[in-house]
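Here it is: the structure, laid out below.
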Amino acid sequence: MKTVVVRNIKRADSNAIGTFEALGVSTVHEALGRSGLMKTYLRPIWVGAQIAGPAVTVLAQPGDNWMIHVAVEQCQKGDVLVVGCTTDNTDGMFGELLGTSLQARGVKGLIIDAGCRDVKALHEMGFPVWSRAVSAKGTVKATVGAVNVPVVCAGVNVDPGDAVVADDDGVVVVPKKYCAETAAKAQKRFDDEDGKRKRLATGELGLDMYNMREPLKKAGLIYVDKPEDV
Amino acid sequence: MKTVVVRNIKRADSNAIGTFEALGVSTVHEALGRSGLMKTYLRPIWVGAQIAGPAVTVLAQPGDNWMIHVAVEQCQKGDVLVVGCTTDNTDGMFGELLGTSLQARGVKGLIIDAGCRDVKALHEMGFPVWSRAVSAKGTVKATVGAVNVPVVCAGVNVDPGDAVVADDDGVVVVPKKYCAETAAKAQKRFDDEDGKRKRLATGELGLDMYNMREPLKKAGLIYVDKPEDV
Amino acid sequence: MKTVVVRNIKRADSNAIGTFEALGVSTVHEALGRSGLMKTYLRPIWVGAQIAGPAVTVLAQPGDNWMIHVAVEQCQKGDVLVVGCTTDNTDGMFGELLGTSLQARGVKGLIIDAGCRDVKALHEMGFPVWSRAVSAKGTVKATVGAVNVPVVCAGVNVDPGDAVVADDDGVVVVPKKYCAETAAKAQKRFDDEDGKRKRLATGELGLDMYNMREPLKKAGLIYVDKPEDV
Amino acid sequence: MKTVVVRNIKRADSNAIGTFEALGVSTVHEALGRSGLMKTYLRPIWVGAQIAGPAVTVLAQPGDNWMIHVAVEQCQKGDVLVVGCTTDNTDGMFGELLGTSLQARGVKGLIIDAGCRDVKALHEMGFPVWSRAVSAKGTVKATVGAVNVPVVCAGVNVDPGDAVVADDDGVVVVPKKYCAETAAKAQKRFDDEDGKRKRLATGELGLDMYNMREPLKKAGLIYVDKPEDV
Amino acid sequence: MKTVVVRNIKRADSNAIGTFEALGVSTVHEALGRSGLMKTYLRPIWVGAQIAGPAVTVLAQPGDNWMIHVAVEQCQKGDVLVVGCTTDNTDGMFGELLGTSLQARGVKGLIIDAGCRDVKALHEMGFPVWSRAVSAKGTVKATVGAVNVPVVCAGVNVDPGDAVVADDDGVVVVPKKYCAETAAKAQKRFDDEDGKRKRLATGELGLDMYNMREPLKKAGLIYVDKPEDV
Amino acid sequence: MKTVVVRNIKRADSNAIGTFEALGVSTVHEALGRSGLMKTYLRPIWVGAQIAGPAVTVLAQPGDNWMIHVAVEQCQKGDVLVVGCTTDNTDGMFGELLGTSLQARGVKGLIIDAGCRDVKALHEMGFPVWSRAVSAKGTVKATVGAVNVPVVCAGVNVDPGDAVVADDDGVVVVPKKYCAETAAKAQKRFDDEDGKRKRLATGELGLDMYNMREPLKKAGLIYVDKPEDV
């Protein structure tokens, strides 16, 4: 690991980011070919937030939040801070003071593959965090890491500037080069779904709407009338 | 595994189910002799729902929700859909569209030993789900499984038609043949508890109310006056 | 293990406890030198409570809540009940009836390294619980344990009478002999933080406020201008 | 749960069991349509054993091995003892003395969804155990459970008398009624594999041997020459 | 946490330790009233070692093994080093060089609630380690902790000088003041078991040897002849 | 995700790979600045193997090993196959037949963030595998993934051709561009360690050899003579 801060990164296209924020994680994840989703142990510390923005990335040491302090300076309005850790750790690397600092810079939220504390205060100030744990465990500032290098966070590789989308369903990362294409597909998917929802609400079966009966038969599914027939 | 759909199942007695829904999981679980409880990793995606109904069962492949689409057709008003998986999996096999479809048929809720997505939408439409994870991870429709065969879901064997009860405390399954007996015991337990609650609220000790002092002494418990006496 | 109940314990200083309850877990944990924090798998069954009190301790057998019934009698107004278990267990050892009984005695809350049930009722009556699981699984009353002996609960050793502080960030334990010193440090920390918060809110960087630039350089952190420079 | 011991159970066909023991878990599991496999947290306490036999089942309480003592009497030569637990538990419910007792009756091995101890002694006496943990934690004999009722063990429902197959790859359960059919399919699969192994050893590609190129193309897989082409 | 090294500790009685080392973990744990056992996630990095000795304790920071280097100086011939961590961590805090150093001082082995590396070399040199993980993750030497203060290691409180016993079944801790009494009970238990083992090997049932039939009946266990009778 | 196979990849320098294979994971991981280590849940299915080679990468669907069959064709003598999965999965995606096929092509071993089966046969044929589980669970061949695209495997991003090193301590990945520099550092570290080992074996303290006493004092560590002094 190089102990380095990269000052200038290329950020994902802001139009795509606007679309991602409006449509949310599940739709974007589908549009990206069902990839880029962070592991499900990452949960929002409070429900209801839905954000998207380019990633400023941090690689931190376990139990040490020094690099988060360093990263604040590299953030711009609209960014999302993404913190990976060199080893599994749940310490409370982030709390109210850092949240205040990020909010002052216009950062939209934090994704951290470690712990978070001061959850009540962060909720009250409306700063959303997705973390792997809630923990009051304080951290030291003793060992340097890196800012704006590629990091793996909750199972997904994040390059600085990639688009990060987060809501109650989780967190998905869209690589910069796929943003435009993914935004278009996501919008189309969203538009299509509304019609399907209406048909299903009337009682029409997905089996028929999606024309599944024939492929199911071909795949070997049979119907019997009673449990004893199995 | 037989790749089969069983069309006609025998459903648990509706009177018992009414009792179960009114009394909730903890009371029913006690009345069943403290068995039938699903593992605690299964959690409601939103709190406050309390349901009971006969199980329509699904055995699904990991990352594949084809059989849930098939199962919708087998559901009747008042049913609860129960999805087991052939291997541990947290993918988001269920979301808003399937929820809309099940709600249109009068299904009361979903128990799924895998992931769920669109949690905000499902909450807004009032469709309750108990799942092992929230995950936006989309699924394929490639491999068939089975509907209305016995499945193990979160550690409990569920036969089609068994009564399933779910609330904030978890999910319990009552085999069809024990429903009537269990409903009677659950009602009695509930009636008894109210008197106990009132006595405890006045400060009466459970030690006295349950006559525990003598058995505790016999089991070897002693009292000392100070830590140094241990 | 001695199967014993200790009747008279020394309780932590009530002034310190008042300070702890006002300041909350994260601040107290920092003031104690970042120790004494229970593992993060312990979560509140409902959010928003913040309590502190001297510990009455229980050592229970898995799936057996007999000792909790015994412990109720040893509790005084303002106490916090702390339950450790001889082996990992998530059964629902505690529910509405025991909560009613503890509340009648003025106990502030429960910390239990096992499961809890009746979460809706406990929320409605305002009795806070921090547990490792929610589980309707009922327990037997068959094997004795101990009350008011030292117990390890969620990774922390708790002596009877130690101060226990719990809120949405978790649970921290302050040994009796450190209470006064810790309360003073916690209050000072709290007073200091307010000034920092205000400065950060204006956009001042922690890097400057904490004078981190020089030590970071010394620790080997370098800045580069573009990703290609790494 | 009924606290009952069933004395006479129907055991799986011994010819099929002989085939299962010779072919091992992976082959049998395939022949059963890829079902019936216990969860992977169940591991052998020593490697190299391969057994099959009809199940004598036990439903035990956490931290309580009373029912295992009861079950010994119900075992016959060639049986495999299968222990499920009413709740997740890793206590050392089984050790050298019980192993000696089962071995004296000709029992082939133990499958236990809890802990095991005396692993060195059990290895030396050649008694195989598949358990979810190794733990010296002793257990009480205080609460009754059941013997020879259906139990869920490590995620699989086991009816008394079902064929249980265990080796270094894990544990699979074949319901009595599918034993003959499954044994035939397993033998055929085993015979087929030898030819395939030889062809692959010469360097022939599975892509060609299984005729996968066409279906892969149809499923959308494309080939490019350089990373930049993606 | 006080950042302190305590130089002179009182060590558990050496006669008791000799008995513990001869009898092993399961027997000692029983003699101690089934308490003091560390959690089962702690496993030996190689099988076959059986040790006992007084504990020299370390409280380490996550990802930082500085205090282990400090602790070496405090170790005497026959000691066992016990390392707790201020937060869950699996980094490889210990390897061949530290093992060489401890072995040079006559230390019998290491118990560490974190990771260990160089497992092949440690096996070859015959230095036993019980750890929660094997990990090559290197650690820093940046933040101080404490040596010879009470630590919680894998769920058990260890005071400096307490007797630690470890073998393939796990790790148990005997507080100094209970050593003599526990050694006597352990020896008695061991002597008793030999007779039981012989009787069980002849086929005598535990049900009869332990006179369990009457208490089982009283506890509500019934026998039926066929599954249909349940 | 693009469903694509990349045919021509650039492989890490073979001289560096030779050094990595000779020195092993812990030394290489240190030389890389303590990064690149896969998570510790990845374990060898048999102990004693030590390999290094350029990565051929696979991105597979849960419960589906189709892409591994595809990847075999892309492997050259000396390669290491690395399999990531689009979602957490422990199914036995790899067994004796695929092992035979890879061995026929000269592949050195497999790293798979999923399950493996036929462990006894793979051990006998000397084909090493590092997996997250052993599981007999068979897989389908229904959905395509990708070969030789970047994949995250057990928490580490692996680009095709990166050097992968694996032994009993785990698995580390060295990006192609850092291979030469890392090999040189690793060799130097290895040479240095031998002298240290000899000094430590004579009883010299690391405290003195590493000159730690002064920095420890500065970091706040104090020594006291008796526990009461704390």
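Here are some notes:
Per-chain residue numbering starts at 1, and chain names A, B, C, D, E and F are given in the order in which the chains are listed.
Simple rule for what comes next: contacts are C-beta pairs under 8 Å (C-beta built on N, C-alpha and C of every residue); 3 or more make two chains touch, one makes a residue touch a chain.
Quick caveat, the model's predicted, so the values are computed rather than measured.
The minimum number of touch steps linking chain B to chain F comes to 1.
Homomeric contact chain A/chain E is classed as same-residue, with over half of its interface positions used by both copies.
Between the two copies, chain C and chain E, the Cα superposition rotates by 180°, quoted to the nearest 5.
Taking the mean of the C-alpha atoms as each chain's centre, chain B and chain E sit 39 Å apart. Note on chain placement: the centre of chain B and the centre of chain D lie 27 Å apart, centres being C-alpha means.
Chain centres here are Cα averages; for chain A and chain B they lie 30 Å apart.
In chain D, the residues that reach two or more other chains under the touch definition are 2-3, 34, 37, 86-88, 90, 135, 137, 143. According to the touch criterion at the top of this document, the contacting chain pairs are A-B, A-C, A-E, A-F, B-C, B-D, B-F, C-D, C-E, D-E, D-F, E-F. Per the touch definition, chain C reaches chain E in the complex via residues 1-3, 32-35, 37, 39, 86-88, 150, 152, 155-157. The part of chain F that touches chain D in the complex is made up of residues 2-9, 66, 69-70, 72-73, 90, 92, 95-98, 100-101, 103-105, 115, 117-120, 133-138, 141, 143-144, 148-149, 160.
Residues 61-64, 86-91, 135, 137, 140, 142-143 of chain E are the ones that touch chain A when the two sit in their complex.
Residues of chain F that touch chain E in their complex: 25-26, 29-30, 34, 37, 40, 43, 47-48, 167-170, 172, 193, 196-197, 200-203, 205-207, 210, 212, 216, 219-227, 229-230.
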